[in-house]
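This is the structure I want to talk about, given as structure tokens.
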Amino acid sequence: KENLISYLLETADNYLILGQRLGELCGHGPNLEPDIAITNIALDLLGQVRSFYQYASQLKDDKTTEDDLAFLRKEREYKNVLLVEQPNTDFAYIIVRQYFFDVYNKLFLNALQQSADETLRALAFKGIKEAAYHERFSGDWLKRLGDGTEESHNRVQQAVNDLWIYTDELFHKTDSSRAMIEAGIAPDMLQLREHYYEKVENLLTTTTLNIPEVEYFQKGGKQGIHSEHMGRILAEMQYMQLAYPGMRW
Amino acid sequence: MEHRDKHLDTTSLEQQFDAKIAADEKIEPKDWMPEKYRKTHIRQISQHAHSEIVGMLPEGNWITRAPSLRRKVALLAKVQDEAGHGLYLYSACETLGISREQLYEDLHSGKAKYSSIFNYPTLTWADIGAIGWLVDGAAIINQVPLCNTSFGPYARAMVRVCKEESFHQRQGYEIMLSLCNGSAEQKQMAQDALNRWWWPSLMMLGPTDAASTHTEQSMKWKLKRKTNDELRQQFIDQTVPQADILGLTIPDNDLKWNEETGHYDFGEIDWEEFWQVVKGHGPMNKSRLDARRNAWENGAWVREAATAYAQKQNERKKQAV
Amino acid sequence: KENLISYLLETADNYLILGQRLGELCGHGPNLEPDIAITNIALDLLGQVRSFYQYASQLKDDKTTEDDLAFLRKEREYKNVLLVEQPNTDFAYIIVRQYFFDVYNKLFLNALQQSADETLRALAFKGIKEAAYHERFSGDWLKRLGDGTEESHNRVQQAVNDLWIYTDELFHKTDSSRAMIEAGIAPDMLQLREHYYEKVENLLTTTTLNIPEVEYFQKGGKQGIHSEHMGRILAEMQYMQLAYPGMRW
Amino acid sequence: MEHRDKHLDTTSLEQQFDAKIAADEKIEPKDWMPEKYRKTHIRQISQHAHSEIVGMLPEGNWITRAPSLRRKVALLAKVQDEAGHGLYLYSACETLGISREQLYEDLHSGKAKYSSIFNYPTLTWADIGAIGWLVDGAAIINQVPLCNTSFGPYARAMVRVCKEESFHQRQGYEIMLSLCNGSAEQKQMAQDALNRWWWPSLMMLGPTDAASTHTEQSMKWKLKRKTNDELRQQFIDQTVPQADILGLTIPDNDLKWNEETGHYDFGEIDWEEFWQVVKGHGPMNKSRLDARRNAWENGAWVREAATAYAQKQNERKKQAV
């Protein structure tokens, strides 16, 4: 049970922090249509967050609420990967970060439909259609930027180069995920790693982007060792819950 | 002769046009319309669209700090709805023969206006409640009559807008209710928000009838069905009892029920402040326009990329044929 | 006594928020020398903050500490002027914001040396030399930027135009300051307003900068009605005290 | 003959130079020195200067979030001291005939190195304590011998640096002490910081003697007086008892007191990680260099303005004469 809770958090923290990052953008998009679409993705992700945290707090059975899990942990207790906390440097970074995550997320939710855990199967079933839509959105934009103007090509190549080092961590196993894989509850994502890179590299190549050559991938998020961005994300996100403890909103 | 014919022609077109409006039929983009009708509609619809887009900013300011997941999701969805409203309204405006780029340019240059209420800052979470309750409340009162306005695309856009706005208003009121049923600190936060948003909300319903231009023409075209003062009275009459339920005090010492008129009497509005904000001197005028301009300018390369890509795709298709 | 406490906070909050803004810059200056100088100013201001808050908490006599005053108030309770919370847009903004504040601060501390309150006289005496140094630093840079290159001239003019509307609030009276003026504790800054503008306008003019024509000045900070920047400043500044309540560091 | 004289000349200069060093006299910028001496010193002093400047970033990350006013002031002052150290060291380096611009360029291009320890992120407030205690502690052990190094400007800069560094180290230790005497959560925060900074601090003292280049030459020039492994042992011997006082556990299962040697034995260092970070693959390498490059590039117009202004002032003075 401890492992399942930990696994749920590890999964949902990605959605939370990416949703928070996308939430920063609302009202500041390059045009109304992508602004609306990105907000949609944020909404889907935060919807998933709530379901996962609710399930976790149900398992905890100790009055912990979804909001306690979202807002009242310390930085070292968040288990999201480094990828999702990277900043909204420009639209190219936003799209590349999203695409790198979406391809993973679709593979993940697809595999999670085979989980031995009924609740997780239901969450996966609900999420898979959304994830497919997200991947289509970010993939389409990646193509537009890669094969658009020289400027957009250069910017998106820069984003790909900078964010590539955060992709491998998506597939790292933690003690909890290992236990969940053994129990048939979690899919073994390492087996889908090759498929992931094939898919991503395929899109990059067809859109004339280079695949970065990387000797060393970054990791640490799943162990709660985040980038220095994370503290600022949390300071803002947690502000109300910290400043007004124990209140209902 | 020719000249005379043309004059006759215009006169008869104008008569048909007036008759259509009188018969409550819709004017559609392809129909003939007087130039003034077109211009007035471009001005009003674009102003309305801009208000939706600029209006995303004060509320967007609290998305990252919403105090619970449920509220965060609701706020994101609300701000997204406003983007959607902007989209309908810009589309309606474009049918009058003006491009979205031109509309944005007029917003960014300060030529076009947007609702002055968005030039106030959102300082606490309670402001999100107060905006939903008061600002959306006043907006609905302004907008419901527009569901029957004479210009078809505008009327249809307003039907969708109004439906969502009432949902937003209920949501805002519900935030206020939670605060007022919460701790003393929360209730004080709600009272403070009411204090700051009350008068600007009254001003949202426009200058007094005496100071208001365009009213007669707008009445005829069903861009207006009641005067600003009537709308304001309606808003006050509707809102005061809601404040009572919350247990909050409206920041107006002159406010009291008038048995004779069946309405609330209320105090003098500080029109000096209103005009200062309209003229661009509100606390957030510069900040709001900067935010819009930055979003647009920083997004230029993205839009160019999308255009370039679409062109390439078209050419490829042609070559493939 | 309530009025004195309130007046102390109103004064020190300016130092706190400006010091916080300057603290954001440490390590990111255009060169080492101005980086060091700006940090020096931040240190002086925060030193003043501590003295003022310590005096206020002594008066309060209820276990309130300097840190409670600095970190545990709500946004609406901070009384700093809008000027000091304006962002570090670029070096021109930083210098202009500083100069607009420094000229005021020097006049203020100079006048405060006549206070009927002994502690305030001592604080004024300590602060005046620092304030003179600050004004020299920001004034010198204002000259360099104004009379430097075309780019620096344009940037600093832009900063002057944008920040000018926040200068008048420095001279606004609050209920507390009015009471303190009557008691001979606070100087009547309104009487120094003309002198302030003369001095500032003189420097702007000699450095070929235009004096903005403004119909309407911004206000609100002294009533706790801040800009939307303030919430983010506080979320970051208060984070540790909120996340770990009641601890010693 | 001429050729031969020159050769003799260099030889005799070199002999004089060696004699000076052997006699513990200082080499000054105007003195003759072998090209290799100059190059080695430029490399080491600039690397040291860069480390001070880049080292401002991880600690600077907590200035806005320091948990008390007292700590905020102390941290600001500390980071400022590092800027000051950078300044002395760049000046010392400049006496060897290289400009500050060139030194920055080498940093920004990745050609020059800085201490790898700064490529780790500061995640909690305890990291500020741990950096002061461990990182400054290790730095002092590296640096104290340099107060007597042969190159005058470097030696004199180091005297000032070392004095301030010991103050910083005490301050860092005092932060750890407060945390360890505080709540369980605070103590855990301190332990976590120790866990993360311990091994990188050991690596700060350089590769093992076996893997280390330059050592012999550096010994001669008094750029080094002990080997890396000796310094590391000294650091460990000094730090373990300090951890004991804090009640913290050093994250090394193999660590234990060896009665025979009178030193602590310790576990294997992960040199693979060390070299990855040196090669630029640490968690913060890119972020640190980006921050430095941005500060420099965004400051270009400021530096240009200052230069232009100084020129104008000079011309005015000339004209006035």
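Labels A, B, C and D are assigned to the chains in the order they are written; within every chain, residues are numbered from 1.
What we mean here is this: a residue touches a chain if its C-beta (ideal position, glycine included) is under 8 Å from a C-beta of that chain, and two chains touch if they have at least 3 such contacts.
As the structure is a computational prediction, the values presented were derived from the model and not from experiment.
Visitor: Centre to centre, using CA atoms, which chain is the farthest one from chain C?
Guide: A
Visitor: List the centre-to-centre spacing of chain B and chain D in whole Å, with centres computed as mean CA coordinates.
Guide: 59
Visitor: Could you grab the centroid distance between chain A and chain C? Build each centroid from C-alpha atoms only and quote it in angstrom.
Guide: Computed from C-alpha means, the inter-chain centre distance equals 41 Å.
Visitor: How many Å are there between the centre of chain B and the centre of chain C, using C-alpha atoms for each centre?
Guide: 38
Visitor: So which stretches of chain A touch two or more other chains?
Guide: In chain A, the residues touching two or more other chains are 74, 231, 235-236, 239.
Visitor: Any chance you could list the residues of chain B touching two or more other chains?
Guide: Those would be 65.
Visitor: For each chain, which other chains does it touch, given as pairs?
Guide: By the stated definition, chains touch in these pairs: A-B, A-C, A-D, B-C, C-D.
Visitor: Considering the complex alone, what residue numbers of chain A touch chain D?
Guide: It is residues 74-76, 162, 215-216, 218, 220, 225-228, 230-231, 235 of chain A that touch chain D.
Visitor: Which stretch or stretches of chain A touch chain C in the complex?
Guide: Answer in residue numbers: 74, 231-232, 234-236, 238-239, 242-243, 245.
Visitor: Write out the stretch or stretches of chain C touching chain D in their complex.
Guide: That would be residues 20, 23-24, 26-36, 39-40, 42-43, 46-47, 49-50, 53, 66-67, 70-71, 90-91, 143-145, 147-149, 151-152, 155, 236-237, 239-241, 244, 247-249 of chain C.
Visitor: Hey, which residues of chain B end up touching chain C in the complex?
Guide: Listed in rising order, the residues of chain B that touch chain C are 58, 61, 65, 121-124, 192, 196, 276, 279, 281, 283-284, 286-287.
Visitor: In the complex, go through chain D and note every residue touching chain C.
Guide: 53, 56-57, 60, 63-73, 76-77, 79-80, 83-84, 86-87, 90, 125, 175, 178-179, 182-183, 185-186, 291, 294-296, 298-309, 312
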